[in-house]
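My questions all concern the structure below.
We call the chains A, B, C, D and E, going by the order they appear; numbering starts again at 1 in every chain.
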Amino acid sequence: MRVLAFIIVCLTGALLLYGTGEFPDWGDPQSPASVHLSNVYIEKALEQTQVPNLVTAVLADYRGFDTMFETAVVFCAGLACFLLLRDFREKKERYYRHTPTGVILHVKDSKKIIKVGKEFAHMDKNWVPSDLIIKSVCRILIPFIQIYALYVVAHGDFSPGGGFQGGVIFGSSLILLAISYDLKTLVRRIKEKVLGIWAAVGVLIYVGIAAICMPMGGNFLDYSVLAPLVWDPHHVRALGMLGVEIGVGIAVTAVMAIIYINIVSEGRHEEGL
Amino acid sequence: METIVSVKPLLAVLVTLFVIPILVSSSSKPNVRESWIFIAGTIKLLLVLSMLPVILEGKQIVLTLFEIAPGAAIAFRVDGLGMLFAIVAASLYLVTSVYSIGYMRGLDEHGQTRFVSFFALAISATIGAAFSANLMTLYLFYEVLSLATYPLVTHHQDANSRLSGRRYLTFILGTSIGLVLPAMIYCYSVTGTLEFSTAGIFAAGELSKPAATVLLLMFVFGFAKAGIMPFHTWLPAAMVAPTPVSALLHAVAVVKVGVFSIVRIITGIFGVELLSEFNLGVMVMTIASVTILVSSCIALSQDELKRRLAFSTISQLSYIVFGVALLTPQGLLGGVIHIAMHAFGKITLFFCAGAIFVATGKKYISQMSGLGKKMPFTFAAFFIGALGVIGLPPSGGFYSKWNLILGTLEAQQTIFMLVLLLSSFLNAFYFLPIIYKGFFGKSEEEGDGPVKIQEANLCLLIPLMFTAFISIVLFFYPTVFVKLINIGLGLL
Amino acid sequence: MHWPIDLIVLTFVIFCAIAAISVKDLLGTAILFGAYSFMMCLLWAVMGAVDVAFTEASVGAGVSTVFFVAAVFRTSRRTKD
Amino acid sequence: MDNYPALIVVAPLLAALFAGIAAWIEERLSYPIAVIGLAISTFSAIMTLMTVIASGTIHYRMAGWAPPMGIEYRIDLLNAMVLLLVSGIAFLNLIASYKSVEQETSDRAGSFYTIYLLFVTGLLGVTATGDLFNLYVLIEITSLTSYAMVALGDKDRGPLASLNYVFIGVIGASFYLLGVGYLYLITGSLNMMDVAGILPALKGSSTVLVAFILCMIGVWIKMALFPMHVWLPNAYSYSPVAFARMVAPLMTKVMVYVMIRLMVTVFGFEYIFETLNIADAVVWLATLAILAGGVMALAQKNLKKMLTYIIVCEIGYMVGGAWMGNQLGMTGAILHILNDAIMTFALFLAVGNMVYKLKKVDLTDLKGLFGKMPWTMTGFVLAAFSIIGVPPTCGFFSKWYLILGALEKGAYHFAAALIISSLICAVLFFKVFEICFFEPMSEGHGHGESHSQVAIEEAPISMLIITGFVSLSLIVVGLYSGTIVNTIILPFLK
Amino acid sequence: MTDLLPLIVAKYNYWLYVILMMIGLYAMIAKNNLIKKLVGMNIFQTAIILFYVSIGYKKDATIPIIQSAHGGGHGAHEAAIHAADYINPLPHVLMLTAIVVSVATFGVAMALAVRVYQRYQTLEEDELRMRLSEK
């Protein structure tokens, strides 16, 4: 296998290197890629879309159709992880911790349910005592991370960032919550159903904004026809982009959380990192 | 040539196709089912016959259904040859359906609905092949026929029929896909058309002699239904089928479609002139002669009656190929008319074999001595059928054989005339003893008492008498068929 | 003149890549892979692709590594190669 | 309404999202939502095809931007036909799927339909788009959904098969992406028409050559051309029946479409057949694919597996035809996209019915099936005849064009391979028929058991109707293949 | 030497991307552990992204965010925008999409790996093959 792999890899490498022979120099401002389309984008985008971040302008407007499917891909991944791993069966073995004494109970028969409350708490198999410092630091950090995520989404028009990055950061804050406390805390706060619905709703916001353009008389995704609906018709394209970015953000957040929860708990949503 | 556009050929094909759903839905009521078969068969025959006057006037009926590619459409054209074949097939279908009612019920066979449905499908395909205007349509119906006959051949669904079915398909499908299809596509890619025409489709110089030889061989062997050796072994194997199947399909429809296809190839695709220019007729004649002689010899050694008939069929089919390959008017006439003559003769023989089996359960010739006294009508018909196959008056077979021999003289192929004579001799040798034994031999079980007539039921008896009768009639009045052939081959 | 920085970072990237696929501990692979992604992100930032770099920083070095660790947590750290 | 081209793709996407939401709230709603979405899509595809036939190529600008800047849907005769094919088959299959989904993935039906619709969206998008990069994104949607589906079907071996599929799929998609990158680097554009306009000036460039090779390898991996086919049989035979019925006929065919699109529209015949000299090698590869697919199919003991190898074999037909470099071969390849999709669909529908009743479809499980499931078997037989290439089923006519193309080019080995594969398929299917027809062996000669019929146990009526419809359409499409060639394929190639 | 250095400067980015890609591809094909293969897959994909980003790079140009407009609103860009001043944004857009796709694939693949492990208790290919043939 290794020999075969080596041969294939060398062949591919040789082919690719052969292809680089006639490449324009790296960073050459006159290379076809930097001249043909990009100039149009650079020179016209601000005027046409009122968005100074060219990447966002191209991403959410000129090639917004790509981005829509990109979001669909993310949604798909979340759904796939859910379908692959989610296991609704209750686990047979359970561990409980008697809070006052610290004694750990191992219940093998799932029918005996110990009431979780003041005295007893659910516990993971590989449980580690929660660290107060980590908990507190994360508790303080998470809101800031989330605000930063919102900033990244909202400010995507002017600075690096956008719905996807913001969504990932927001998702990470949720994951951080799960890691610093435990998975159950996250699952208790944000129900699986909510995540599932928000993932779809996020994409739906995108597709919905794009699709509304059709009955309004424009082509699919043509934000300009939405002018009558918004308060600032001059910036209608920028607003449209903001709208879809928010959708992307929601979808990505939910999907990141779904993927993490399912992988780390093998789909049982009970215990994990 | 004057042509008339009409849907009659299509209707003639479809009528037995459309009756299939009715047959299936009335499977629990055998009488209703059989009456539908009868109605469909009659309509079919009437439709075919209604086209006869037009054809005899020298016109043709055409109908193009689907244009697949330029020059290769799914289209019908009724000409003399097609008409001849269609009349034979449609009339014998009617007779056979009566016969099969008697046979299947007499033996209380299973799956009768399946049987009659595929029977109807097969006959549709046969008529379609007869009316095909081009090679593609012909190939289409040829394949449909092959596949429709498979469930008939394997009707008993036992180990034996499984093997036979496998052999049947291997030969029929293998040759048609492996040889005919490439040859056909090659023809199309060279000429851009597959339309049959008496002048052939190849323009002068389009085809070299080696290419023509290979193509012709591919076609002749590829249409394995014609049973040219060495692609004949499916035919005896297929005799495991119920006798009506053997009778209609393996003596009439299936094998005749094979021969008919070869006739079409020689007269419609290559054209007589091209072949005589390349002198390829002799090659085909040689192949046919070998088949005639070898299979006649094998027939001599067969004890099972149906197998002997099967080998006889193989040799008789080669007569037709032989006649057409003579490439002379007499030869062509003799060859093509043998389609009809042999059909009536051979079907009589098969009917008799089936009747004997139903009435007495006997399959082997050695068991049949003395049986003629019990079943005089059956054996009389057998005698007439045998005369037809051997080619003796007063049966139609004489007419075709006479023309064949004239054809060899016309083509100055004396050696081949000897082949014909020799084979007739062999034919006589393997048929006449059966009849002799049947009438004059002593059966094992019978005592000295008066022989009781113990014929099969009327459903079996009437058809075989009828076909025997037609066989004789054709000796005296072959004119319609002769005229059809002359029109079809443009010999007038 | 970006290219010297570029070249150095690229070398690091390749080093991390080779290390990531040859370390015999999957958790180590996870961390090296995170480092690889982060280097890559630096590289892109140098080349002016700020958006891509941002994304790679949050995805490649962040979430991917977490997924990776989660998967290793649920499977095993052991690897033969 | 001018938005039909967008609706074809967007309707299933929207439906997927609503179905995804419904899966959490009221699962029963997912199915009707999916049906409505695909019905709209199919309707739009029909309207689009009619418009294209009547008034020529449609250009639909996404977001209203002119082509090289924005993404454009460019729908000509070829993709209009494939669009209708994809949406039609997806729609019919959805109707037939209700029962089998209930049986196989009852607890997650809502999510199943969501993935299903996303997959269809991906395929439709791949077909409709006129942008090279957009194509990549959509290919990834189809891949991701099919990874999930493969793992979902066979709980036991599915995940591993799916993971292997992921590796190969990613390599394929990445090669394609690289190829697009090379093209972008040398032309500066991503729009197919734009690139096609720039390329002729760069004829001798090694970059273009590498770009072409990379794109082709990527697409070949995705369509499972012979040495790159290893993922397909496992992936398709382990996925849930309702999904396999759609992915088997459509996925590879759409990839063949992509190949033809790249060849005809982007790189151009002139470049491929006059500047490059690899056509002969590819035709040889296709020949090998046909033979290898057939031989490997012969070795299978499971009906589903056997059929997947037949798909590998059929891929060879289309690739060979497309690389013949003449009009006849290309006509055959395009016609075969249509025909093969329908006949594979018919086959898998029949197999789906069998699985519904029998659970397992190893060849030995099929005994006596003609008696038990006569209607299903009728459909199966028709589809099998079409694969073998028996007229008047449609398989014959595309084979006809393919062989004509091969003869015109002088590629006799390819013609021979086509004939041989017909024979192999005949052997294969008659092996199956024999098992279904003869076993259990009846005693003696079958006399005396005239009315002892086997009890008929057919699949649900919804599945049967679709099976029957599709099987009949095999013949109808076959008979009208002349019309299809004259109204769609030849005008496209001119 | 004087010729070589500019050549290296001009092309090394592309060469190194090829090397990275070869590393990734090799890991995908030859490695025995499925997770290692996944790492290879990711390296492979990032190499392609590197390639695209390299295409977009322009000497003496800045990041593709128009500066004059920032905070100034639409009135502020009287000064014409020169294409040569900004890096080509298009490859960046494409690669954002590609990164998202790759992380999505990665997530699904990880989920699959977990499933495979649940079933076979191993992620080594040779052991998996043994398990499969045992059955």
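One rule holds in what follows: contacts are C-beta pairs under 8 Å (C-beta built on N, C-alpha and C of every residue); 3 or more make two chains touch, one makes a residue touch a chain.
Here the structure is a predicted model, which means the values were calculated and not measured.
Here the chain-to-chain distance from chain C to chain E, counted in touching steps, is 1.
Under the contact definition stated at the top, no chain borders both chain B and chain D. The minimal number of chain-to-chain contact steps leading from chain C to chain D is 2.
Among the pairs A-D and A-C, the greater number of C-beta contacts is found at A-D.
When every chain is reduced to the mean of its CA atoms, the largest separation from chain D belongs to B. If each chain is reduced to the average of its C-alpha atoms, the one that sits nearest the average of all protein C-alpha atoms is D. Among the other chains, B has the CA centre that is most remote from the centre of chain C.
Mean C-alpha position of chain A lies 19 Å from that of chain C. Chain geometry summary: the mean Cα position of chain A and that of chain B are 74 Å apart. One inter-chain figure worth recording: chain A and chain E are separated by 18 Å, centre to centre, where each centre is the mean of the chain's CA atoms. One finds 30 Å separating the Cα centroids of chain D and chain E. Multi-chain contact residues of chain E, defined as those touching 2 or more other chains: 9, 12-13, 19, 25, 54-58, 61, 63-65, 90-92, 94, 96-97, 100-101, 103-105, 107-108, 110, 112-115.
Along chain D, residues 133, 137, 140, 144, 147-148, 151, 159, 178, 184-185, 190 each make contact with two or more other chains. Residues of chain A in contact with two or more other chains: 16, 20, 23, 31, 33-34, 37-38, 41, 53, 55, 63, 66, 70, 73, 76-77, 80, 84, 160, 164, 259, 263, 266. Going by the touch rule set out above, the chain pairs that meet are A-C, A-D, A-E, B-D, C-E, D-E.
Interface residues of chain E facing chain C in the complex, by the touch rule stated above, are 9, 12-13, 16, 19-20, 23-24, 27, 31-33, 35-36, 39-40, 42-43, 46, 49-50, 53-54, 56-58, 61-65, 87, 91-92, 95-96, 99-100, 103, 106-107, 110, 113-114, 117, 122-124. Touching chain E in their complex are the following residues of chain C: 3, 6-7, 10, 13-14, 17-18, 20-21, 26, 29, 33, 36-37, 40, 43-44, 47-52, 55-56, 59-60, 63-64, 67-68, 70-72, 74-76, 79-81.
By the touch criterion stated above, chain D contacts chain B in their complex at residues 385, 388-392, 396-397, 400-401, 403-404, 407-408, 415-416, 419, 422-423, 426, 430, 434, 437-438, 441-442, 444-452, 479-483, 485-486. Within the complex, the chain A residues that touch chain D are 15-16, 18-24, 31-38, 40-41, 61-66, 69-70, 72-73, 75-77, 79-80, 82-84, 88, 193, 196-197, 199-201, 203-204, 207-208, 210-211, 214, 218-224.
Listed in rising order, the residues of chain B touching chain D in the complex are 65-69, 72-74, 107-112, 136, 139-140, 143-144, 147, 151, 154-159, 162, 165-166, 169, 173-174, 177-178, 181-182, 185-186, 188-189.
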